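Next up: the structures, one after another.
Both complexes below contain subunit A, partnered by subunit B and then by subunit C.
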Partner chain A sequence: MTLPVRITLRTIASLLAISLLAFAIISAMPSDPVAIAIRAWNLPVDGEIVAGLRAQWGLDRPFLERYAAWILRFFSGDWGLSFRTGEPVLDEFLRRLPLTLTIAFSGLTLALVAAVPLGFLAALKPRGLVDGVTRMLAVLVQAVPSIWLGLVFLWVLGVQLRWIRPFSRDWSGLILPIALIALHSLAVLTRVYRRDLIDISSQPFFRTALAKGLGRPAALWRHGHAHALYALLSAFRAEASWAVGSTAAIEVLFGLPGIGQFLVESIAARDYPVLQAYVMVVAGWLLLLNAGIAASLAWLGGRRA
Partner chain B sequence: MKTLLRALRVSAALLASAAALSTTAWAAEPLRVGASFITSGLDPAKGSNGWALTSHGIGENLFSVDRDGVLGPNLAESAERVDEFTWLVKLKPNRRFADGTEVSAATVGAGLAHTMANNKAALATGGTLRFQAVDPLTLQVTTEKPVALIQALFAEWPLVTYHLQGDGTASFSGPYAVKSFRPDAEIELEPNPHFAGAEKRGPVTYRKFADGQALTLAFEAGQLDLAFGLPSEGIARLKANEDLTVKEFAVGYQYLAYLNTRSPMLADARVRRAVDLAIDRDQLVLAIHGGTPATGAYAPYFPFAGKQARSTDVGKAAGLLDEAGWVVSADGKRSKDGATLRLAVLAYPQRPDLVAMLPVVKAQLAALGIEVETRIVENANEVAGSGDFDVFLWAQHTAPSGDPAFFLNSTFRTGAGLNFSGYADDAFDAILDGFAEETDPAKRAAIAAAAEAKLIEDAPVSFLVSPVWHVGVSKALSGYEPWGSDYHVLRADIGEAR
Partner chain C sequence: MKLRPIPALVVVALMLAGALWQPHDPDAIDLAHRHAPNSWAHWLGTDQFGRDLLSRLMVGGWRTAIVLVCVAAIGMVGGSLFGILAAMLGGWRGGAILRAAEMFIVVPTLIVALTAAAIFGLSPLTAGVALGLAGVGPYTLFAHALAQRLLGQPYVQAARALGVGGLPLVLRHVVPNMAPVLFAHIGSNGGLAVTAYASLAFLGLGADPSRPDWGAMLFEYRMFLFDHPMLMVWPGLAIAVVAAVLNASFDAD
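Moving on, here comes the complex of A and B:
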């Protein structure tokens, strides 16, 4: 079996397993969706209405039958109606997903692109200026929640200096959200990349390269970069997972209508169709990312071999 | 010289064009409004959408309460009682919904009937209402229960008026019409072309800010013309900035605590009364930087509001707990039969003042020897409805129709839809029955006072603070005067306030 086929099968199997688990957990939640809908919509508590909703949502059927019906509907594009808004969940996700993906991808891409030169400079001169700054940045983003950092940026850059318009609906409203994601990931990725380069600089083959007359920068790039890229991509996978959660918090703070904001409001209302869809979308995002990274690592390995 | 004159003419023409363009740009520039809430959807029959749509300037009621708290006609002209259960409501002529449909008895009746069938909050006062068009502008209304003041019933928030269109969507009659809607985030409004003075009104962008700090910062950054419901802790800082205008206004909301009568800890009315007596309302006012201690169920500006602030008497509270068998143990905690008196006190973050009050309430109850666990929950209605609490701090408009009956009927009548305390008392229900027949405002106030006295005696609720709220306005909107709590944030006159 070829690698792409293997990765595809693994992704599909994982998605199905996650969907079953998510459906089971959400179904096992103590609140009754019909009771929630009746309260949320102020519906009269009427036996006919209750029975009608139970039948409409398939709650009167056995678990596996319900799951099978839901997953089939899900993959055929019927994601149900939101309890809160009464609107189709798929339409809402399609409207919101581009914004969330823009924030997450832009932040992660910026971080990935900047992490290589910064990590390289930090490894080139340990305890130098770049190393010190990236270390401080790493400590800061690990110690301070992104939502708090966002409030500080809002106050300094938006209110005091008026350099940006943080709540505008054009591209300038995305600067801070993207910067927050990028800053966190940049700090982590830079340190990972630097650490691997420094590890390599203590290896015998690296000393041999230096003895052959290569300068330290050239030796690090030629013999260390590809190795450190492995670690960088693995760390990128973890950062992408972190970005999913953080994007939700950032969307709430900046009032951005992405899927994270929709999720936060839906948790409060126990909006089951939205919660189930969110789990599937996030699982899909992470599995695709994993597949992409696995393919990249295999490709890198092939090139090195 | 000729060249100079030509250059001057060209410059003047360019300047004039630029001025004209900038005027057009200003006129088309939407008014930017931020608040902590937004309608959940555009279906007026669902949940509390009726209230939110009216608050956004989209919907209207047949009758409504004006800035002085006085109930008056709105889409309707008058209402006349025919017999115990029948009323004739006369509509104003020449009114249209945003889709151009005339506001007629048939369309209004169909919309209200749809709400009756789908929202039980609409049934609180008169039960299920039936509607029949007598002529194009006269609507016959038959109530299930006698209603003494149908004008107040039609001012209740669920009963927003709309034209139910063929595809199941609704068209409204308020000063603004929906251009686009993004749930939980933003609603773009345009003037309803059929509402008087549409030409004076510009578009509006209404945004929800889930975080109070973000709302404050957006206002400070000059990105909002109107910031509604600014958190109280930032007001002093905002007022110190002379570029910003912050207005304070009394609201019809009351901050109160539901005391769960179904909870084993609070089943005894003496314990509930002790909780009510232990709370020092002056301290709560300090915690939220404004307002006054509650005098009862209603904000002080209503004519039927109580006059005396609810008192604090820790000694009496301790006595009531002793009498109920909850005595102080060696560790300073109260217990009975080996069980500690432990209360779960809840609040929800959508009203930040409640969260600010939470530690104060905890400290005051703890001083009495009660062990308190505090919780902040996002899904307040869900948790309150499930009964999984002992004390729930709550913000509620208690006279949205300018009449005292709706709040008492919908919140404390046995089995009522919003009866989170689980209170059930025949004598109390009998007092409320008086509202069905009595039309004289003074006598209705007396019924409300009797009901309040019964509530204070049985203590399924503790009335805490009559708050003030804060609104930030930009220079462009300095003429805006807030009133009507959050029931009328966007009004017909808002464009004219610029």
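Moving on, here comes the complex of A and C:
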């Protein structure tokens, strides 16, 4: 089996496994969706309507049959109706997803692009200025929740300095959310990159490069990156998963209508179709990213060999 | 690799001690002293209902400590169980455990905890269990790496050659040698649990918003950002200090 095929198969298998797990957990929830729907839509409680809804949603059929029907409908684009709003779930996701993806991916990309030079500078001069600043930044962002950092930024930039209008509804309202994601990922990724570059400088091949007359910066620049990219991409995977959770909190803090905010509203109302769709969207997004990273790691490895 | 467990243990013990005594009733409403400044009676002042901020922070502290204890216990037991099992079995069975653990890395812990909070209600216990279970995957991989290295050590191989195998080998040679490192690793991830619980409480999810969780206090006091910023500074500082101390307990550099 060639590598692309293997990665594709593994991604599909993981997505199916996660979907089965999510479906099982949500089906096992103690509260009955029919009871919620009746309350939400103000329907009269009568046996006929209850039975009708149960049959319509297939709740009277066995578990695996329900799962198969749901997953087939899901992949054909029918994500069901929201219990809360009565609207198709897919439409709502399509409307909200661009905002969430913009925040998460702009933040992560900014961090990834900046982490390489910063990590390099930090590794070049351990205990130097860049090393010290990025170390402090890493300690800060790993201890301070992004929501509080967001509040502090709002207070300093919005209230004290008046550089930004807090909670504005245009593009400027996106700067802080993106910066919050970027700052955390930047700090973490820079530390990872620095540590790997420093590891490399104790390798025999690196000493050979030095012995052949390359200066330390030039040797690190030429031989370090290909190796350190491995750890960087692996750490990026964990950061992307962190970003999904934080984006939800940040969307709520700044009142941005993304899918995270939608999820939080839906959870409070026990809106299961939305919950299931969210799990699938997030899993699909992270698995795609994983597959991309696995492919690029393999490509990097193949190129080096 | 440096381990500094003492400060982390002291901080968790202090947080738990907040359950025993507070200077005031954390929920006592005193409308005559709303937004009181710092004083001997109210060290950190009072909030918009005249509730004593320090007392509320202390209650929030032990609630957070419960989350930490749950996360550490579940991660420790689950992670070492599956990690050692994978290392001992090896082959396709070990590989299957590791693949399953890897799959959990993809699942964002905060989303798992959000869902659990939606089903069972948000309390320190449910959040701790959910965050703990979500962490088992990564800890399994970490424990597996540790166990794998230990199994390759000469003294373990010597014990194996002498016929020690299975459970006695694990209990006598693997667990005692990996437990401190694994515990420190999990403790340092405790900072993540603290910030995750703060995010959960911030998002609320139908939980009683007047419960003095640090994250819920951030949510409640964010409205006073303009007039009384200190109200949201203190809970945030509490989260940051606890998370920083826990993170510093294990330094992989």
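The rule is short, and it goes like this: the second predicted complex is superposed on the first by the 303 of 305 C-alpha atoms of A that agree within 3 Å, B and C clash if a C-alpha of one lies under 4 Å from a C-alpha of the other, contacts with A are read in each partner's own complex, and residues count from 1 in each chain.
By our rule, contacts are C-beta pairs under 8 Å (C-beta built on N, C-alpha and C of every residue); 3 or more make two chains touch, one makes a residue touch a chain.
The shown structure was predicted, so the numbers you read here are calculated from the model rather than taken from an experiment.
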Fit or clash between subunit C and subunit B when superposed on subunit A: clash
First (subunit B), second (subunit C), both or neither touched by A:His227: neither
Partner chain in contact with A:Leu256 - subunit B first, subunit C second, else both or neither: first
Partner chain in contact with A:Ala238 - subunit B first, subunit C second, else both or neither: second
Partner chain in contact with A:Arg61 - subunit B first, subunit C second, else both or neither: neither
Touched partner set for A:Ala268, first subunit B, second subunit C, both or neither: both
Which superposed partner A:Arg39 touches (first subunit B, second subunit C, both, neither): first
First (subunit B), second (subunit C), both or neither touched by A:Arg95: first
Contacts of A:Ala143 with subunit B and subunit C, given as first, second, both or neither: second
First (subunit B), second (subunit C), both or neither touched by A:Arg216: neither
Candidates 27-35, 279-287, 333-341 or 423-431 of subunit B: the single one with C-alpha clashes against subunit C: 279-287
Doubly contacted residues of subunit A, that is, touched by subunit B and again by subunit C: 151, 154-155, 159, 166, 252-253, 264, 267-268, 270
Subunit B-touching residues of subunit A, taken from the complex the two chains share: 31, 35-36, 39-45, 82, 84-87, 92, 95, 151, 154-155, 158-159, 162, 165-169, 252-257, 261-262, 264-265, 267-270
Subunit A-facing residues of subunit B, complex: 34, 40-41, 43, 45-48, 118-123, 158, 182-186, 205, 207-211, 213-214, 217-218, 220-224, 378-379, 381-382, 385-386, 417
Residue ranges of subunit C touching subunit A (in the complex, touch as defined): 103, 105-111, 114-115, 117-119, 191-192, 195-196, 198-199, 202-206, 215, 218, 222, 225-226, 229, 232, 235-236, 239-241, 243-244, 247-248, 252-253
Contacting residues of subunit A [partner subunit C, same complex]: 14, 17-18, 25, 29-30, 139-140, 142-148, 151-152, 154-155, 159, 166, 195, 237-238, 241-242, 244-246, 248-249, 252-253, 263-264, 267-268, 270, 275, 278-279, 282-283, 286-287, 290
